[in-house]
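Here chain A shows up in two complexes: once beside chain B, once beside chain C.
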Partner chain A sequence: MTDTTATGRQLPDRLDNPVKSAVLSWESLLVLVALAIFIANSFASPYFLNEWSLSDMTFNFTEKALIALAMALVIITGEIDLSVASIIALASTMMGLALQYGADTPTLVAVGVGVGILCGAFNGALITGLKLPSIVVTIGTMSLFRGIAYIVLGDQSFRGYPASFSWFGQGYVFWVISFELVLFLLAAVIFYVVLHHTNFGRRVFAIGNNATAARFSGVRVDRIKFILFCLTGLMSGLAAVLLTARLGSTRPSIAQGFELEVVTMVVLGGVSILGGSGSILGVVLAALIMGLVTFGLGLLNIPGIVMSIFIGALLIVVIALPILFRMWRQRRA
Partner chain B sequence: MTDPILTLTGISKSFPGVRALHNVSLELYPGQVTALIGENGAGKSTLVKTMTGIYQADEGEIRVKGQAVSLPTAISATNAGITAIHQETVLFDELSVAENIYLGHAPRNRFGMIDWKTMRTEAQETLDSMAAGIDAGIPLKELGIAKKHLVAVARALSVDAQVVIMDEPTAALSQKEIEELYVLVELLKKEGKAILFISHKFDEIYRICDRFTVFRDGEMVGKGLIKDTPESEIVKLMVGRSVDHIFPAREAAIGETLLEVKGLSHPTEFENISFSVRKGEILGFYGLVGAGRSEVMQAVFGMTSVSGGTIVLDGKTIAPRSPADAVEAGIVYVPEERGKQGVITGETIFKNVSLPSLDKTSRGGFIRMAEEFALARTYTERLDLRASSLSQNVSTLSGGNQQKVVIAKWLATLPKVIILDEPTKGIDIGSKAAVHGFMAELVAQGLSVIMVSSELPEILGMSDRVVVMREGLMIETLENKNLQPETLVRLAAGIAEGKAA
Partner chain C sequence: MNRLLKSRELWLAVGIVAVVGLVTLRFPRFSQPGNLLTIFNDTSILMMLALGQMAVILTRSIDLSMASNLALTGMIVAMINAAMPGVPIPLLIAGAVLAGAALGAFNGILVWKLDIPPIVVTLGTLTIFRGLVFVISGGAWVNAAQMSQEFIQLQRGSFLGLPILSWFAIVVAGLVYLLMTRTPQGRAFYAIGVNPTAAVYTGIDVGRTKFLAFVLAGAISGLCGYLWISRYVIASVEVAGGYELTIIAACVIGGVSIAGGIGTVAGALLGALFLGVVNNALPVIGVSPFWQMAISGTAILVAVVLNGRSEKSKGRIILKKAEAGA
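Entry: the complex of A and B
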């Protein structure tokens, strides 16, 4: 027991210095890493320090990062959604199908986002209704959703999206600032506020730290988890709109392997894979780092397979680092 | 008289804030069964863990056949010839019976590999010698609990244990299975094993035990031969205690009925439970562990669903389907498992306290930290929480202070009925008094309190009325006027009045 002073004392709000803990945070480390990679890139390639190059760079992460924002919340509750890339495939396929029936741009967007939400709700219903582990459910729906896309499309592809639709993936709001980047930054602000400044966000953290105690504290755990899976579905649907618009076509293999990069972004951003902690700022910085790294490797003409090896290795390292650090500290204590 | 196989002398063990064992001694004789008797929290489990190498005593000496031994690990206890059969058997469901019996000391062939054939045959021989009627080759999971106990006994025989500890072995058994277990105990006695038998049930203690040792509050308060001692004397030893704790005086005026539960039933845990609590009243729930008290409370709290019955709160029928519903209606629950269900470890004190009240401290769903700190400060200070700041992680607090955080969290919701499940279990005396003082304060404000407790002094010191439960059934509701602890123990354990008198 930590008897501090005699009775009648007032408990202070906090003892640690907020400035000091901000300086020592994971996020400030990420800022340093991002700066280092930025500088390395500019030495490595003469084409890097150019406003259009940098603008192109953002396309490397915006779609995945949109999903990572919602995925961060899911992982903080101790769950995971591995079906996000397949939701993109299914949503994109359904948009292509709607196009065949002459859908206009607003309808296409509604179809993409709507299919995303439905897929997320399907995941959420299985996980909270039947109490199945999310990793199993979403591995299942990962195959299921993309499987449907393959049935509809076979080895064909949908093309011929209208120009007004393509703007979502190719348009610029002003100068070199793309619509995708603006949408991502807007979403990041919204997710930041929701996670760190609302009751909902507070409950998300409580669930991740101890779902049983949270339920015993009157938190509607299942309802919140269901909403979060709908949210990753929604963000995947949005990503499907952006990606389809950017590529101008739908193939069933679209966005293959995105889930790995999304999870890597979230974990690199400092979200504990075991749930309970993390921040949106970290995820945004991690997205930027991943974009910088892949773009830098691209500038150096490093083949895609090496990039995926790199991302796999990065995922393992960022998951192992905090655990190794804890072991090291325990051994010293 | 023969010398004891195992002698414990002057064993003490403390945990932060709790003195679990204080200078206790125990002797176990070959071919005899010694009963270890005591209320929950008397220190029985701690003693077993000390004897099996899971805990290390702070002081004292353990001697096996006169030789002082140290038991730093569970394996060293096994090597010293001490083995335990637990209430929930610690065996491996997916392994075969023979593998379970010989795990860790399987016979080897000349290549150093496990000699499966010998292992299987020897296991079968051991089982047959016990007339167990179990095939050593089948997986353990195909056996019922009673048969698993037999396997555990076979394991004890195969490691040639001299001391066998049986920790409430009959808790989950049917009457027929219990009879089979008695036969086994006789078998172990004949083999010259020293047996420590832990039980709450007096009928079985008198049936199979030769000696007894009574623990109370971590101290050894009496021992002797069963045949020379009447039941009433043992009960007196169990409950009679030094006045180490003064319960607060009660000034609450008891008002009209606030919560009425009628015929509440659950498919497996409890049946036809009816009780009512009035404003300003503390209703105690007494019973042995496993009597179904917590299950009833969790059903009232919406955590588990019921198969029948009604709950009326303040004249309105409610059917909480989740704790959130119950909290909204004004019923809150302080769970027994503080670490798993009570506090959210890994989060700070103020976040724990404000969690169910977020709708009150926030504006339009947006968090207002200042309000949260103010709320947390108000309620934690009323409970005299000992912490360095409100942003301290709850996992760094002592058990008693964690309990204060849980209670503060619920008080902040301004509940009508507060249910406390073993509110002072395993917490230090100081925090205990704070919790008791606070309960008295709550009922003085017109709240209703339901207190589930296995501690007799607490039940007798705090309750206005006491409900006694046994094996999922309500046995009796008693006014707490001149209520004798012996009466409660008898009702809870199912001892007939005449027999014990």
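Entry: the complex of A and C
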């Protein structure tokens, strides 16, 4: 899945105007798209512009977006993790199992997050230790993790989570601001600082642009990739806590198909699937857009499966438009 | 290299025989010819799909939309059959192949002309195609009572002792084998997987070759769309949900390298057959079907570890020395 056309790079004789490049950036395009959808939603449904409606809207994306933050880093290094939804299923199942043995709320959260980290470490060890392609490994662990959930649960489900646990998925910190939203915003700020303002973040980009060159300049490529897979596992574990608390029950089919939505979010956010570029701001905006689209269509009574057409088309169109625009400009020049 | 490739398929065949042998020790009837033919017939659809996926993976691409393509074309032919039972079935099958190929061509055009990474394109069309199943059917099912008898019975007929469905798989496998080993197009699939830059210099159009791989995968998905619907006699939105990963699993187990350029028809067939044998053996030995998923996951991981060992290119010596010194 690599580029084959080796085109020479043209060296500019001056730097781009920062204002101009900010206006023309991917993020500003996303802001425009988000605004357009927001306005369209307000006209389409009288129930949309209401603080509780908007608060409900955030539940559409917070869990997936938490994972998307970590997934963005993984994809920037040129890898991918398709097992995230299955990690949610396994972590949720283990929390349910712990509940059967009388675990209290702090233990439940620890189990969920712990299982997430372990699953991520398992992925990371196979990928960096044995030098295997991440896409195949995580397709395998995707079956394995959810498979274990099926072995434990079969066609049964765990329910009866304590009220103090449900707060993580259903509670509000302040007015209409849910705990999930606060956690997501906090995580987004942390990921923003880590990716864009630390050495670690620079190394993540370095690996994605040229892993060999990064190794020669002293970046511990394997260690960083391992950490990133653990991080994705951790975020999936957190998402499992939130989702389980919100739904109040665990089935082995929980979070089915999340992995593709998370990857869609990341790619829509302007992270190159080939690695090497992307921003956290873009991912956050893409999460917001996907939340707005699904919620707006939901208010119009459009079934979920039809919404997925919009999401799929959005993914392709948003990627294709800049390419078409570039081709059109080249043809004119 | 050739001997290595041969041995990989050999080991997979040994693995399949071992599974069959172990189950037979406890349940002698498992390896009776009749049951083995049933397993082969049950796996026919997966084998065909794995061959289509292999062509795509060989070119360093991936097609995540095959199962959705199958569901969509299946729904289209089922609805045509329900509305117009008079349309002859061979014509309907040709239509399914064409419709599937058209959906595959849509993927291929985006990859070829716009140079969008295949995983992004097919991630999008995965949801779009399945959503379209809902749109055209309005969420309703097409069930056995609405389908014509010929539609249901065609693949259940038998020819030389084998069900027609098995013959479909054999013919498709034969055609793909000829394509891969006896035609310049087949060599091109391998060439751009092994070294795209070198392939360009030998005059191969990389984009066009990828496009053709997607069309092939789409056409096979379309054919399997008809076969799946007429076999399980129900067309709904959920048909083959999540099956795209089973198809890729069959390829990976069969030794098709996700990095492109490596893979054989025999390998992909055996990979699919391995999954088929395991799925058939589980109920026989009294293991709950809920174990299926974890077992195929483990099989993928074992296969990729084994394949990775033989494919691994030599690392850079200078870095190894530096690491040893550190």
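Observations on the structure shown:
Convention: the second predicted complex is superposed on the first by the 300 of 333 C-alpha atoms of A that agree within 3 Å, B and C clash if a C-alpha of one lies under 4 Å from a C-alpha of the other, contacts with A are read in each partner's own complex, and residues count from 1 in each chain.
Assume a contact is a pair of C-beta atoms (placed from the backbone, for glycine too) under 8 Å apart; a residue touches a chain by one contact, two chains touch by 3 or more.
Worth saying up front: this structure is predicted, and the values here are computed from it rather than measured.
Contacts of A:V271 after superposition: neither chain B nor chain C is touched. Contacts of A:F145 after superposition: chain C is touched, whereas chain B is not reached.
Counting the residues of chain A that each partner touches, chain B and chain C differ, and the larger count belongs to C.
Of the two partner chains, chain C is the only one that A:I135 touches; chain B does not reach it. With both structures placed on the common chain, the touch criterion links A:N209 to chain B but leaves chain C unconnected.
When the two structures are aligned on the shared chain, A:S217 is found in touch with chain B, with no touch to chain C.
In the superposition on chain A, A:L288 makes contact with neither chain B nor chain C.
Judged by the touch definition given at the top, the superposed model places A:I309 against chain C, while chain B stays out of reach. In the overlay built on the shared chain, the residue A:L73 is in contact with neither chain B nor chain C.
Common to the chain B-facing and chain C-facing surfaces of chain A are residues 1-4, 212, 215-216.
In the complex of the two chains, the chain B residues touching chain A come out as 16-17, 303, 322-324, 326-328, 333, 335, 340-347, 350-352, 354-356, 358-359, 362, 365-367, 373, 377, 380-381, 384-392, 396-398, 400-401, 409, 413, 428. Considering their complex, residues 1-4, 7, 10-16, 193, 197-203, 205-206, 209-210, 212-220, 276-277 of chain A touch chain B.
Against chain A, in their complex, chain C makes its touches with residues 60-62, 64, 110, 114-121, 123-128, 130-132, 134-135, 139, 192, 196-197, 199-200, 206, 237, 242, 245, 248-249, 252, 258-259, 288, 290-298, 300-301, 304-305, 308, 312, 316, 319.
Touching chain C in their complex are the following residues of chain A: 1-6, 80, 126, 130-133, 135-137, 139-148, 150-151, 153-155, 212, 215-216, 252, 256, 260, 263-264, 267, 273-274, 303, 305-309, 311-313, 315-316, 319-320, 323-324.
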